[in-house]
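A, B, C and D label the chains in the order they appear, each numbered from 1.
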Amino acid sequence: MISPCTGTIVSNEQLSRTIWLLRVEAPVIAQQVEPGQFVQVRVTSTYDPLLRTPLSVHDSDPDRGTIDLLYQTVGTSTQLLSNYREQMRLDILGPLGKGFTLPTGPKSSFALLVAGGIGIAPMLLLARFLMANQVSTRLLYGARTASDMVRIDAFEKLGVTVACSTDDGSYGVRGNVVDLLADFLQSGAGGEIFACGPTPMLKALQSLARERELAAQLSLEAYMACGLGACLGCAVAVPGGGYKHVCTDGPVFAAWEVEL
Amino acid sequence: MISPCTGTIVSNEQLSRTIWLLRVEAPVIAQQVEPGQFVQVRVTSTYDPLLRTPLSVHDSDPDRGTIDLLYQTVGTSTQLLSNYREQMRLDILGPLGKGFTLPTGPKSSFALLVAGGIGIAPMLLLARFLMANQVSTRLLYGARTASDMVRIDAFEKLGVTVACSTDDGSYGVRGNVVDLLADFLQSGAGGEIFACGPTPMLKALQSLARERELAAQLSLEAYMACGLGACLGCAVAVPGGGYKHVCTDGPVFAAWEVEL
Amino acid sequence: MVVDLSVSIGSLQLKNPVLTASGTFGYGLEFRRFGNLGALGGVVVKGTTLQPRAGNKPQRIVETAAGMLNSIGLENPGVDFFLTHYLPQLRDLGVTTIVNLAGNTIDEYCQLAERLQQPGIAALELNISCPNVKAGGMAFGTSEEVVYQVVQAVRRHTKLPLIVKLSPNVTDIAAIARAAEAAGADAISLINTLLGMAVDIRTRRPILGNVVGGLSGPAIKPVALRMVWQVAQAVKVPIIGMGGIMTASDAIEFLLCGASAVQIGAANFVEPTTAWRVIDGIAEYLEQQGIASVRELIGSLQI
Amino acid sequence: MVVDLSVSIGSLQLKNPVLTASGTFGYGLEFRRFGNLGALGGVVVKGTTLQPRAGNKPQRIVETAAGMLNSIGLENPGVDFFLTHYLPQLRDLGVTTIVNLAGNTIDEYCQLAERLQQPGIAALELNISCPNVKAGGMAFGTSEEVVYQVVQAVRRHTKLPLIVKLSPNVTDIAAIARAAEAAGADAISLINTLLGMAVDIRTRRPILGNVVGGLSGPAIKPVALRMVWQVAQAVKVPIIGMGGIMTASDAIEFLLCGASAVQIGAANFVEPTTAWRVIDGIAEYLEQQGIASVRELIGSLQI
C-alpha cells in the first residue's frame, strides 16, 4: 500500500563532502518497505524543482517508525534536501517499486552485495533482511576515494563482511568494484549478486555475471516523473525490443531482463 | 550607491499571526539608507518565485551594521522569507528608490505619520530621523484588529505620540486611520503628512490633504521586477497623462504628483 | 450551502469539472489507492493507437524550471489491449472514461473511433497535437485544413461526444479551434504540450533521446490560460482547459477564462491526490464566494 | 589557458557573446554600478519608437511559475530623446550599443532605421515581435510575407548590421527565419516573449491592465532552445539566442544549439550582475573543457 505522508525529520546528518543521512518518521513506510524499494520525496513547496526525487530506502526501523535515506548532493533537489533540519516536515510517497528478491533455497545462502558510490544506499536494508534470514552476506563496496566511503560501520555492525576498493587506492584495494568482485570470484567463491551503482558499473557486472553464470539482481536508476507507472518516463530497454519501467517493474531487475 | 549583498540573518521573529521582524547584517545599506527607501530581497535560490521581493527598510543601526525589515506573510515569497533562521544568509539589493523628504523649515516642525496595516513598516526609520531632527512626531496607526498592531512600543520608545484605530474597535478608536486623521485635524492641529498603506487608504488621504491644503507624502506600492528603473513595470499614473516609476521616482511621492 | 459542481460538455454530463489529462494518470488504475476514481469528473486515459507502440528511446523525461519535458512517444499497448484489460475495470469502478486517440493517418483515427464505440466509454478525445510522433501528431494539429479533415472524418465514425485536443504550437489557436468546431467537434480541449528541448553541456548532447519533447507543468500555465481565453472568444462549443494546473485556484482561473472543465496533468506526478484536492478546492471557493453553481464561473472573467 | 571569447555577428565583432536583452537592461546606464558596461558583448537598449510612448496601463508585471509576464507596452521617450540623452553617454562608456526598434508601419521602421544611422550605434535589432502593441508587433512577426516586406524595406534604409528579432508565437519559426534571411537580415535573434495571461480569482479579472502579456524567464527556456535549434538548421546567418538564460550553463546550451551569441533578459532583474557572471562562467567552462575559442561551441551539439 503506497501512501503519501508527511513525516517529521528526526535528523539530517552530513557524512561526507556530498553524502547525507536523513532519518524521518514514516511509520507506514517503515513497516511495509522491502529492500530495494524507494520513496519519492518532495523537497520544496514551490514549483522549482517540480518533480519528486526518487531515493532508495537505506534502512528502516519499524518499531520506532522511522526510515533512513542516504543521499548524495548532486543537483538542486538533493541540495535543497540537505537544508532540511530536525522537526521540519517532509512530504514522502512510498514505498514504491519492486525491490530485491531475497534468496530462499539453500544454494543461494551466499549473498554478494556490490555497491558503487551512492549505490550503497539500498544495500543496508538488504543486508539487514539477509542477515535476519541467515544468509551469509558479503559487501563489495567501491568509491572514488576514502572520504567518499560511508556507512561501513553500519554493515559491520550487522555482521556483514566488507571489502572495499577505491579508484585512487586510498581505502581498500585500488581499482573498481567490478574488478574486486572478479578477484573474489577467482578464488572459487560464489553466491547471488545484488548490485547497485552507476550504469557503466552495472553493465560490466552484467557481463561478468553472464560469463560466470551467476544470478545477479541489479537496482537501476532512471529519470522519473511519477514513480507510479503512470507517466511511462522511466523506460529501460529489454532484450528483443520494447521497454520495461523502472518505477514499477523495478528498480530491481534480474540482470538478464534488461539491456543497459 | 546600490549594492547587492549577502547578509547574515541576526533574527527573524514572528510578531503577530502574519507579521515578522527580520534583522540582517547589511552594513553598507545600514549606513546609507534614508527613510522610505526599500530593498529587494531574494528569498530563494531556485527560480520559483523568480523575482525579488521589495520591502521597506523598517529600521537601521549603522553602528551595528544591521537593518530591520518588517513584513507580512501574504504569499509565496513572504512565506519563504519567514522560513529563514539565524545565521542563514540572505541576498539583498539596496537601498533603492527615493524616500521621504524630511521637513526642513520651522513651519513643518509637526509631522503626522499615517500608517495602515503593514504600511507601518517604513515609519519607524522615518520617526527616528524626524525625532533626531527635533520634529515633533505623531503616529496615527490603523489596523484590522488589535492583534495585527505591531511595534507600537518601538515608536513610543523614540518619544513618538501614538494614536490607533482598528476596524473592529479592539484597540484605539473604531474606524479607519483616515477618519482618525480627519478627527485629529478637526481639532485644529496640522503638520506635514507622511503616509503608507493600502491604495484605497492613500486615495482617501490624498483627497483629505487636498481639501485641507496640507502637504502629504505617500509611499506607494507597485508590482516590481527590477527595482532599478530598467523594466518600467512599476508604473503609476500622473495627472495629465503618462506614468512615473515607483522604484526610482518613488516609492515616496508628493500627494499631488500621482493619480491613484 | 451545497454547491453544484456539475457541468456538461455537449451531451456529456460530468459530476464535476475536474478530469485527469491523458498520459499523466495512466489508466486511472495506478491512482486507485489515492482516491475514488468514480468521484472524478472523468479520467482521460493514455493516448491509444491501433497497434501497440513501444514508445521513444530513453531518456524520456527531464525537469525544467517549474516544468518538465517528456518524449514518451505514445507508448501504449494498443486499442485491443485497452478494451480487454483496462476498460472492464474502469467500467466496474464507475469511472467516466474518455479515451485519447492518436493515429498516423486519418483512416487510423477513424478505425480507432469505431473500435472505441463501446459501453463504458463516455467520450473520445482526438489527440491531433502530440508533438512526439514524427509521422502524425504535429502535422495534424497545426494546419486548419488538416484539422478540419480529420475531425470531419472521425465525426462520421462515432456517435460519442468528440473532444478535439489542440496543440499550442501554432500561430493562431483560435483559427484552429474554429476549424475543429466547423468540422463537428463537440468540445475543444487545450493545451497539449509546448515543443521544447534540453541540452547537457557536459556531454554536449540533447538530454532527451528524441531530441525534442513536450513541455508541461506550471511553467506553461500563462500560455495555456491565454489560449483558452482566445478560443473561448472564437467558438461556441465547450472548452476543456489544461496546462500547469496544480491547485483549485489554477483550475478556477481556467474556468473564468471560458473553460467548462479542466484537466490535471503533470500535477498528478507531483501530488497524486491533486485531482481530488482541486474538486474540493473549487467547492470551497464557491461556498466562500456564495456562488451556487460552478457553471456561473465559466467565462465570467471581467475585462 | 587564455580562451578566446570573441564572436562575430555578420560584420559586427563582439568581444564576447553575451549581450543584454531589450527592455530588461534599460539603457545600460541603470546597471553601470554593477559592472563595466564596456566589458559586455553588447547592450540592446529598450525598444525605441519614433514618437515617445507612455506605455500600457498598470498592472504591467506579474510573476508566474519560474517566469514573469509583462505588458509594458513599449514605454520609451522616443528616438530623438534616445539619440540626444542616452547615446552620448553610452558612446563615452565604450558600450557596444544595439538599438531595438519598433514601429506601427513599415514606413515607421524605415524612418527609425535612418535616424539611427549614427556613430556609436553598432547594430539595429528589428523588433517585429513585441506582443503588446495591438497596432504593430504581433502582426509583423507572425507572417512570412510581412516579415519579408518589413525586413527588405528596412534593409534599404540602413547600412548597419540588421538583426531581426523573432516572435515565438508562430507555428513554423524556421519559415519565418528564412523569410527574414531572404529579405537581407544579417542575423536573427530569438525568442521574444510567449504570449500569456494571468487571472486573479478574487477580483475575477485579468491581472495585467493589458489583459495579455509576454512571458519570459526560465519557464520559457526549453521552448527558446528548441526554436534556436530549429532556426540554426534553417538559416546560414548568425543567430542570437535568448529566453530564460540565468547562468553560464544556460548560455552554453544556446551556443551548442547554434546561437553565435546570447542575450540576458529577465535574469537582469533577479541578479543585476548576471551578464558579467555569464561571461566569466563561459570562460571557465572553456578552460575546464580545454576549448580554445567560444566559436568552437557554436552549433556543436551532437545529435
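The rule is simple: a residue touches a chain if its C-beta (ideal position, glycine included) is under 8 Å from a C-beta of that chain, and two chains touch if they have at least 3 such contacts.
Everything quoted here is computed from the prediction, not taken from an experiment.
Looking at chain B and chain D, the chains that touch each of them are A, C.
Averaged C-alpha coordinates put the centre of chain A at 36 Å from the centre of chain C. Averaging C-alpha coordinates per chain places the centre of chain A 53 Å away from that of chain B. Averaged C-alpha coordinates give centres for chain A and chain D that are 46 Å from one another.
Each chain gets one centre point, the mean of its Cα atoms, and the points for chain C and chain D are 34 Å apart. Contact with two or more other chains is made by residues 65-67, 217-219 of chain C.
Within chain A, contacts with two or more other chains are made by residues 47-49.
Viewed as a network of touching protein chains, the structure reduces to a complete graph with every chain in contact with every other. In the complex of the two chains, the chain D residues touching chain A come out as 65-66, 218.
Remark: chain D residues 64-67, 69, 142, 169-172, 194-199, 201, 203-206, 211-212, 215, 217-223, 225-226, 229, 244, 249, 252-253, 256-257, 285, 300-303 touch chain C in the complex.
Looking at the complex, you find that chain A touches chain C at residues 1-4, 42, 47-52, 93, 222-237, 241-243. Contact residues of chain B toward chain C in the complex are 47-48.
By the touch criterion given at the top, residues 23-26, 30-31, 33-34, 46, 54-55, 57-63, 65-68, 70, 72, 75, 217-219, 246, 266, 268-273 of chain D touch chain B in their complex.
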